[in-house]
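Just so it is clear, A, B, C and D label the chains in written order, and each chain counts residues from 1 on its own.
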Amino acid sequence: MGNDVAKGKRMTAAEALARVKDGATIMVGGFGLVGAPLHLIAELERRGVKDLTIISNNLGEPGVGLGRLLQLGRIRKAIGSFFTSNPDVIEAYSRGELEVELLPQGTLAEAIRAGGAGLGGFYTPAGVGTLLAEGKEVRELGGALYVLERPLRADVALIKAHKADELGNLVYYKTARNFNPLMATAARWVVAEVDEIVPVGMLDPEAIVTPHLYVDAIVLPGQASTPVPKEASQA
Amino acid sequence: MGNDVAKGKRMTAAEALARVKDGATIMVGGFGLVGAPLHLIAELERRGVKDLTIISNNLGEPGVGLGRLLQLGRIRKAIGSFFTSNPDVIEAYSRGELEVELLPQGTLAEAIRAGGAGLGGFYTPAGVGTLLAEGKEVRELGGALYVLERPLRADVALIKAHKADELGNLVYYKTARNFNPLMATAARWVVAEVDEIVPVGMLDPEAIVTPHLYVDAIVLPGQASTPVPKEASQA
Amino acid sequence: MSGAKPLEIIARRAALELQDGDVVNLGIGMPLLVADYVPDDIQVYLHTENGLLGMGPPPDSDHVDPQIVNAAKQPVTERLGASYFDSASSFAMIRGAHIDVAMLGALEVDERGMVANWTVPGRAVLGVGGAMDLLAGVGKLIILMTHRTRDGVPKLVRQCRFPLTGIRPADVVITELAVFRVDKDGLVLTELQPGVTLEQVRAATEARFRLAPELVAAGAAG
Amino acid sequence: MSGAKPLEIIARRAALELQDGDVVNLGIGMPLLVADYVPDDIQVYLHTENGLLGMGPPPDSDHVDPQIVNAAKQPVTERLGASYFDSASSFAMIRGAHIDVAMLGALEVDERGMVANWTVPGRAVLGVGGAMDLLAGVGKLIILMTHRTRDGVPKLVRQCRFPLTGIRPADVVITELAVFRVDKDGLVLTELQPGVTLEQVRAATEARFRLAPELVAAGAAG
């Protein structure tokens, strides 16, 4: 809801993330590292915030992206669909250092959309009769069984887009789109890392994927005025 | 689900609507007449099918678009959000000739999306405490009240797009988009009336709004081989 | 009361509620007038629920595009930076509180701020449009209406006689006589329109309301 | 049995299940091989749940775009007529039965056709991906798997020991030994892979299954 600031959404990563506090719930876009806002994640690392709840499909790779925050012990809980590709998650979980909430990938996407769309919940067929439906309401509707799933929302969303205009309208690039447009709708403060910022009017009104009302801050990494420490910039 | 035909989705209106039978449930795109598939509606008239259930935001204007089908007594039931702009609806309803199911506009849109997305239902705050929630489940979730709404699906969807490619990928034009992309997802047989058909590859993969898997038939009115009767062509 | 028409008075005052950067939905009918009074030094972005963010004013008759319309199906224009989207996406913005302000008309507002603005009792219920979604979802709900009906019946009432549009109260009510804010205890009169007295407001209002401290201080209560 | 490798035998046979115009999701792992065996005279459209319809083969090493990947996060290409969309839209296609065919691997399939393909007992449950959505939603569900584990344990079992992926049965199961269809009464053996005998299938299968009439007629039961 980038509504309190008409202009001046362009910020450094440090400015954009200044409000992120210990214990925050943060959505992070990307499917693995594809479409992940790596510069914003590096800034999260630099800020040293901890006890984070991360909503993201995965937790990066060992030492890269969100995987770096995990190694540093900054993540308390992860909500996503596929963590087994990062062995560090398995280790942290088995040591009791990381709480995990697992959702089917389509449910994760839909729950984020529902959070952004002001819905109270939805019934999905995915997961019925499985371990992932345990403890959840299962209900017959129109002759089929569905699980009730609840919306997800966050304090902050960190997303990666391809281009922004100065108002904050966004377009994405190829399969780097994935969860990013959904997360843009479901957090109180939405920061978009972009490859390019163009003047208003340069994006086709029919092709804008994320209208500007969803975006609070635009960060163009090359223009960051805040130096990023070496170990973080490797991400 | 235009999956049984890889090529040859291009058809005349008559061919595309040959399968529409009396008693069918039909979604019809458009916000008023803006984005309404007027040539396909004229073909419905020509075919003479009746006892139709129409899912559409409105029922056209008196004698125009769906309003013409209403005048001819072809519509048994209408599901939509705003019918008072067509006085014929009020008359037909008061004479007991038309059944009406009224939904908040956002609920109508979301229910069509849910139908296309395989969901069993969703909880919306719109309508809580009003006449339109009577008889529906109202439930507190996360401290707020929501109405349970059910998905909508149809036998046939008649939509209006701007351009199609030969595969059936679609883009729309301005506010003529409205309900059309949603209805494309929620019917067993989806017919798109378009202004132009372009070769595959001419639509930007990032800007396609309706991917081809949703589209069964593409109708370019200028190329219809079936003559449309005079009174219908006025629509 | 000045010589200006009631609707103009209301729209002019309503525009002052807007802040720079606000995303605003003006519904249909009278609130659309507010667009003409937005102060020059702020930028607001108009959302119309049929699928456009960045709505501009009506075109002149030579530049009408019949496929660019507002929620009342009237031709409008597209501003630089506008975007188009489907109806589900548009109402996701509304229900999800991504619209900062909605300005809507009303038939009645009760003394708790509850709004009736979609149908009248006894008539067949055949139209609702986006009224309930807007009421349930937007950030700030501002009701614009004449203080009384044409027949002189107060529209700020103890309890709505007309069917409610939802269970979420208005945040602000603006009439040609006064401005009210709604808090948890109900209506608070915060401002008299120029030339209007408290007695005039009392005489035209059925709902009970309190006076804002600033009004008491200004002596309006006298 | 021919000299071909099991995975190749399975993929080659699976490709014959495809029809012209099908929209197909190949999940991750072995089923991705099927793309290499699609008959030349039909056109299918590959959907990958991370947000692409119209996926093409892996690029050569000079043309890798790291931002075009499949569900296994491997680089792929984009075919003419492709489109990109977000994850909610992609899974709407899946749950809404807009994907005609999904071909997925499995750890076990039971004699009712129920599928276990996402986790093993006793291990922490830390990954599911799109498996449950695909199973619940696609038009036709085809399971591709070796008939036994590397240790020779049958994977077609009376009842799954591994956690189920859902309550929707597979439509077809293809192994390097045989093809089964699933009807309301369970598994039906419809085809032996070239050179495979019914006795070999029986010996490698724990699940009970019936013989399709065409197999009986062909004398396979002897």
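Here, a residue touches a chain if its C-beta (ideal position, glycine included) is under 8 Å from a C-beta of that chain, and two chains touch if they have at least 3 such contacts.
These figures come from a predicted structure and were not determined experimentally.
Undergrad: Which other chains touch chain A while also touching chain D?
TA: Touching chain A and chain D alike, sorted by label: B.
Undergrad: Could you grab the centroid distance between chain B and chain D? Build each centroid from C-alpha atoms only and quote it in angstrom.
TA: Roughly 35 Å separates the two chain centres.
Undergrad: Where the CA atoms of chain B average out and where those of chain C average out, how many Å apart are those spots?
TA: 31
Undergrad: Where in chain A do residues touch two or more other chains at once?
TA: 110, 113, 117-119, 124-125, 172-174, 206, 209 - these are the residues of chain A that touch more than one other chain.
Undergrad: Going by the contact rule already set, what residues in chain D reach two or more other chains?
TA: In chain D, the residues touching two or more other chains are 78, 84-85, 91-92, 94-95, 136-137.
Undergrad: How is the touch graph of the chains shaped: line, ring, star, complete or other?
TA: Topology of the interface graph: other, matching no listed pattern.
Undergrad: Dump the list of chain pairs that touch, please.
TA: A-B, A-C, A-D, B-C, B-D
Undergrad: Taking the complex as given, what residues does chain C use to touch chain B?
TA: 48-52, 65-69, 73, 78, 84-88, 90-92, 94-95, 119, 124-133, 135-137, 163-168
Undergrad: Considering only the defined contacts, which chain A positions touch chain B in the complex?
TA: 110, 114, 117-125, 139, 141-142, 144, 146, 150-151, 171-174, 204, 206-207, 209
Undergrad: What part of chain B is in contact with chain D in the complex they form?
TA: It comes out as residues 1, 3-7, 113, 115-119, 165, 167, 169, 185-186, 200-201, 205-206, 208, 211-214.
Undergrad: Taking the complex as given, what residues does chain A use to touch chain D?
TA: Touch residues, chain A against chain D: 31-35, 57, 81-85, 89-90, 93-94, 100, 102-110, 112-113, 124-132, 145, 172-182, 209.
Undergrad: So in the complex, the part of chain C that touches chain A is made up of which residues?
TA: Result: residues 19-23, 42-43, 45, 47, 53-54, 78, 80-85, 91-100, 136-137, 139 of chain C touch chain A.
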